[in-house]
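Each of the two complexes below includes chain A, the first together with chain B, the second together with chain C.
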Partner chain A sequence: MPSVSLKRVSPIALPGRPARTEECHGWPVVLSYAEEGGGPWVADLSHRPRWDLQGPDLDRQQPLGHTIPVRPGEVHLAGGLLINRLNASQAALWHLAGDFPEPPTDPALTEVTEATLCLALAGSRLFGITEKLTSLDLAAPGHTAPRLLQGPFGHVPCQLAVFPGPPGPPMLVFTCSRGYGHDMLHAVLAAGEEFGLRPAGQATFEKALTAHIH
Partner chain B sequence: MAFTITCPVCGPRDGYEFRFGGEDKGPRPEAADLTPAAWCDYVHMADSRPGVQKEWWVHRQGCGAWFTIHRDTVANQEVSLNLLEAAE
Partner chain C sequence: MNRLKHLPTLRITPGAARSFTYGKHTFEGLQGDTVATALFANGVRVFGRSLKYHRPRGLYSLDGECSNTLMEVDGVPNVRTETTPLTAGIRVAAQNVMGRPELDLLGVLDAFSWAMPAGFYYRMFHRPARVWPLAIQQIRKAAGLGRLSPDFRMPGRFDEIYPAADVCVLGGGPAGLSAALAAAERGLRVILLEARPWLGGAFEYRAADDGDGVALHRKARDLAAAVAARPEIRVFTQAPAIGVYSDGQVTAFQRGGPDQSFDERYIEIRAAAVVVATGCGERPLLFEHNERPGVMQPACAQRLARTWGLLAGTEAVFSVGHDLGLEAAVDLFDLGLKVAAVADIREDGQDPTLVKALAQRNIPLLKGWVARKAHGGNRVTGATLTSVNGRFHRRLTCDLLAAAAGLTPATGPLTLAQSQLAFDPHTGYFLPRTLPKGLQAAGRLLGLESWAAVTASGRRAGLQAAADAGADCQAAIRESEAALRDLPGAVRGSKFVIAPGCGRKAFICFDEDTTVKNVDQAMAMGFDVPELIKRFTSAGTGPGQGGIPGHNLPLYVAQTGLSPDAHPRPTTARPPLVPTLLATYAGAQHDMSKRTPLHDLQVACGGRMERVGVWTRARRFTDDPRCRTEILNVRTNVGLLDASTLGKFLIFGPDALKALQRVYVSDMARMTPGRAKYSAMCNDDGCITDDGVVVQTAENDYYFTTSTARAGVTVEWFRYHTRYDGWCYHLVNLTDAYGVLNLAGPKAREVLSRVTTADVSNAAFPYMGYREMAIHGVPVRALRLGFVGELSYELHVPSSYMPALWDLLMEAGRLEGIRPFGLEAQNALRMEKGHLIIGSESEQRTTLHDVGLGFLWQREKADQRLVGAAALMQTERQPGRLKLVGFKMADPSGPPPRDGSPIVDARIRGYVCTARYSFTLKEPVGLALVEDGLAQEGARLAIYEDGCQGQLTHAVVTPYPFYDPEGRRLRQ
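Here is the complex of A and B:
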């Protein structure tokens, strides 16, 4: 029987000239763009694996070998894996960097990679951009650790992981339904135009994420 | 923000993130001896009295949780349970 190669496509295409690309598990991935600049930047992470986890006893579960944060809104960053506690019975897992893990067989996990858009925004003037897109207070003082918000971003219900920094630059990683992808990117680029927002590749994102891990 | 609602999961948020789910009418009536008129009243009739009432809301643009709050329908403000208990 001939092997089947899957061709996967991101819901969006960033407007830039890719400098380095690769294909990863059927996804065309841009590692870097020709003129990324020094930020702020936006990166498409839609190809990274994501799962929803639902169950009655999340505190005792260890998806991909990691514990789940206890309180809703808490975020646990382990290597390239971001575990977001949504509520008493649900969590979201985003594998944002590193080698793709083996798909977990736990029936409590549902893969949602191809159902959602995932974008990262970062840079020193990040919150100037986000203020134009949401009434959520992403820059609320008193938060130093990453945290999760669920709310409207560009009038679209989103899950938003906020990395206030330092040590890394202020960063926002968020997901929404795939169908909103085109319009969401349009809104983000329009809001970021006055701040010099440029597209960035997976390598730039991983460098920023690494800064937050250490 | 003119009107905020406190979501049990997300905390205080802009009222526009939520959708009204109706007055809290208490538990569903028992099926035994339930007349069509009584069921119709339970489903369709609301008290709509001015003042504080218990209501259902859903965090539609956020976590999706359904929950109840007490709201002063005259001032259009959420009223905390602690303040209600102190007033009684």
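Here is the complex of A and C:
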């Protein structure tokens, strides 16, 4: 039987003209779009690896060599890896930038890349967009470090990592069930229309993430 | 109509004309007009007709508090024209009119008001009984305002917004503005909601001063400018609050416009503290014909002039009970209105400055007098005044009767927030006796009138709200309280409600045409407290949400001395406080449904997509609603179904098996590697809630499926039923991570073998087997099941690969005639096989035994405290239960009965769960839940179908499965 290389498909397709693309682990990835503008922008990160981590002693675990934040809602950003503490026995790991790591063998980690849509939204008017989609107070003052919220976004349960900035632009990375991808994108684009929301590629996202890391 | 020009308070732009049509006329208004003021400027005085008596109605309050000025605008009925900005090109039409507003043929009903006493529809036309259906038709035709076609689609752009704040201030008058500033000074985020298009409240149009020579409107605008300069304060104008809830939740809507991205948007605010500074309205004065066009509130007449440059008449009579009414008379006189007289309910207590100002203008002030009757038809032509003792009368000619009994606080938000209101005899207001935590009240709402007191009250409330939100400002609060104590307190208010000598037509509620006489009638029939009277007479239940009857109803009822409520109590306010479009509540209308990874491919294949629960799924792939070709293709060739919506879960950990044992009825310890185990879950009542298969993938590691409907609650279900055990296990919901392709049919194996190198022979991969295989490098979990009654493989594939796998299988099966099939075909196929869908062949009270799945129950595992075990024991042989049976129609040439049709004899004995024509058996077959007395083979079932007109169809209980009862095809 001749082997066929099967393509993977993201839950969504952003409505823009890709300028640079690459294939990564079977995923077609847009690195940049034509006319991305200066923000706000939305980037599809659904191809980036994500894991669910559950266990009774998370504080002692070091998934992919990193410690897990202690309190629920805390976020640890190390390189391209974002570790979100969800509750006493659960954390979410999102590998958002850089080379894909080797799949971890720890049975406490379950890969859930395919389970969710993952989008990044950023720009100075980010919270004008997000307040049309959620009653969660993403713009609450007094936060300088990234943090995690769990709740409705576009009326759908989501995990939301908020990067308030500076140094980077205000940014939100969130996941929801993959099946909601189409309608979530529709809601996000509609909410962002009045703010000039445009699609952006992985490179633009990584630039913004780097700004937050530094 | 000429407008007043050069007033500093004007909100119109002279020269910026806006053309619009009203009926057959083309009119011009000005930028800044509302639809109502533009119509008024063009001479329109009768805006519409009343609900019941079709009496002419005109401009009364300008804040849309009654239905008087509801009109049809651009085809949308019941638009509140008093608060709708005029835009160029709109089409306005009167409603509830047969003819013209000025000449309504149904106006004759007014002469028959005696035939429509309070609650007449409860008491009349009911005997003989056959009259009522006819009467109700006519009443319904006459009732209601506006016309809406069933296929009406609301035009416009609607949106929603969920901002958060530390402090939310309701009301943009001086108290609200001061509160917002005080909270913002503490560095808090403040949201301020104002119903009008601008800030300043009752002060922004007033030319009077507060003794310091600075006009109130100037002070109001300066304060508004200070608020605008604070980045911490976010102001929403044209945004009335519609709901206030616990924990600082406030709902509102905001009107937008051409320059904004929405026409109307829903606002839902979360705040740590709320300040209610919604001020006062004028309390209507009740007298004969108190709603004639030309009768309006004094502030309405004053705002018409000051804000829109329109004098409401040429000669006016004022009948008031408050100083603001006197101020309006003086102000309008100065603007050119002739004032024949001012009647003041109060014998004394007027502001001497205003009394002097009236005297200086030679305006007669009649203390202790009140309007008794308005004369005229479509317009007021005169007024009869009377002394409050009713002994002396005076008739005056006028075309404007500005009347109000006094002021009344806008307490709706306080009531919604569960504040206790009590009547205060000094102010005549219902004042908050207690305020819930996190809620403050301020300003005129509390009876304050002077600028200094109102703003100081606002500041105090703002600081208290800031403290509620966590700011440290106790010292500032003490200072603000001290400052407030040195200022004038609440003013004495009028409690007067109704003029002496009124006849039948003194209206307490304009919306519902409820008169004082109707209230008397209701009380005479025993409805003697305001809440009951409100319901019996409909007073306050119209589109104005009680804005006009307001507090008059409880005040009047208390004054009768006939009510057990000796102390007036306000009637309950409920959200929305302001009528709100359903389209606004719907907001941006994002229909958030889930799509499978194959959605687009199925659409391309002709799939008819339907919303099924949270998912959008393919019902069928042809025009044939019975799906004949799809069904037969599965029976004879091979079909491909997208079953991605199945719940899919991973459970792992040392206690994972215990958790499975707790919720699954079978003995899950008997699972063997490479084999799938079918089982079911029950609730505590032994009623079946779910079924699916479980496979063991490693030690303490299991993968299981649930029904689509239960996928969303499965994790909670496990956690809830093991919450006290302290077990160590973990659940991961992989429902969206894997798509599922169901390759089914006698040729399924041939197709599958073409895409994988794995051995899929019957020996290597038998029925109920589980294998992990690769298809062109893609890891696939494969289950050999048979839901549709054929050889079939359930392929669980990472979602991103699903389109590629679909294409691969469709190509691989081309020679075998592979076709997609949808939910309808699946339903017919599985029903022929006698396989159940929980929810279709079960209901809330259906146990495992009732549907014939009792064999799954492993009763020996009592130590695991199986969910529902006790109930399963009790119901196993319980008589009188509905049992699942198969049936065939007595006349096989007829159609199958509709799902859900009752099975009857002298009473309902059960119902049809699912019935379809079986293309395989060439006759209709079905499954039904029937009482156990009808569950024996051969029992005859009589089926009632909607619209059968008594002609029952009959069926005979038959053993099932109907198709392949030995299960050979599954195992082939």
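The criterion applied here is as follows: the second predicted complex is superposed on the first by the 208 of 214 C-alpha atoms of A that agree within 3 Å, B and C clash if a C-alpha of one lies under 4 Å from a C-alpha of the other, contacts with A are read in each partner's own complex, and residues count from 1 in each chain.
The criterion applied here is as follows: contacts are C-beta pairs under 8 Å (C-beta built on N, C-alpha and C of every residue); 3 or more make two chains touch, one makes a residue touch a chain.
None of these values were measured; they are calculated from a predicted model.
Contacts of A:126 after superposition on the shared chain: neither chain B nor chain C is touched. Looking at the shared chain after the overlay, A:194 reaches chain C, while chain B stays out of its contact range. Once the two complexes are overlaid on the shared chain, A:8 sits against chain C while remaining clear of chain B.
In the superposed model, A:30 makes contact with neither chain B nor chain C. In the superposed pair of complexes, A:135 makes contact with chain B and with chain C alike. Residue contacts after overlaying the shared chain place A:72 against chain B, while chain C stays out of touching range. When the two structures are aligned on the shared chain, A:87 is found in touch with chain B, with no touch to chain C.
Between chain B and chain C, it is C that contacts the larger number of residues in chain A. Chain A residues 135, 155 lie at the interface with chain B in one structure and with chain C in the other.
Across the interface of their complex, chain A is touched by residues 1, 9-10, 13-14, 16-17, 59-63, 65 of chain B. Here chain C touches chain A in the complex through residues 159-164, 189, 261, 268, 270, 588, 590-597, 599, 614-615, 650, 652, 698, 701, 728, 730-738, 754-757, 776-778, 798-805, 808, going by the rule given at the top. Within the complex formed with chain B, the residues of chain A that make contact are 72-73, 86-87, 135, 149-152, 155, 157. Residues of chain A touching chain C in their complex: 1, 3-11, 26-27, 47, 52, 54-56, 89-90, 107-108, 110, 112-116, 131-135, 137, 139-141, 154-156, 177-184, 186-187, 190-191, 193-194.
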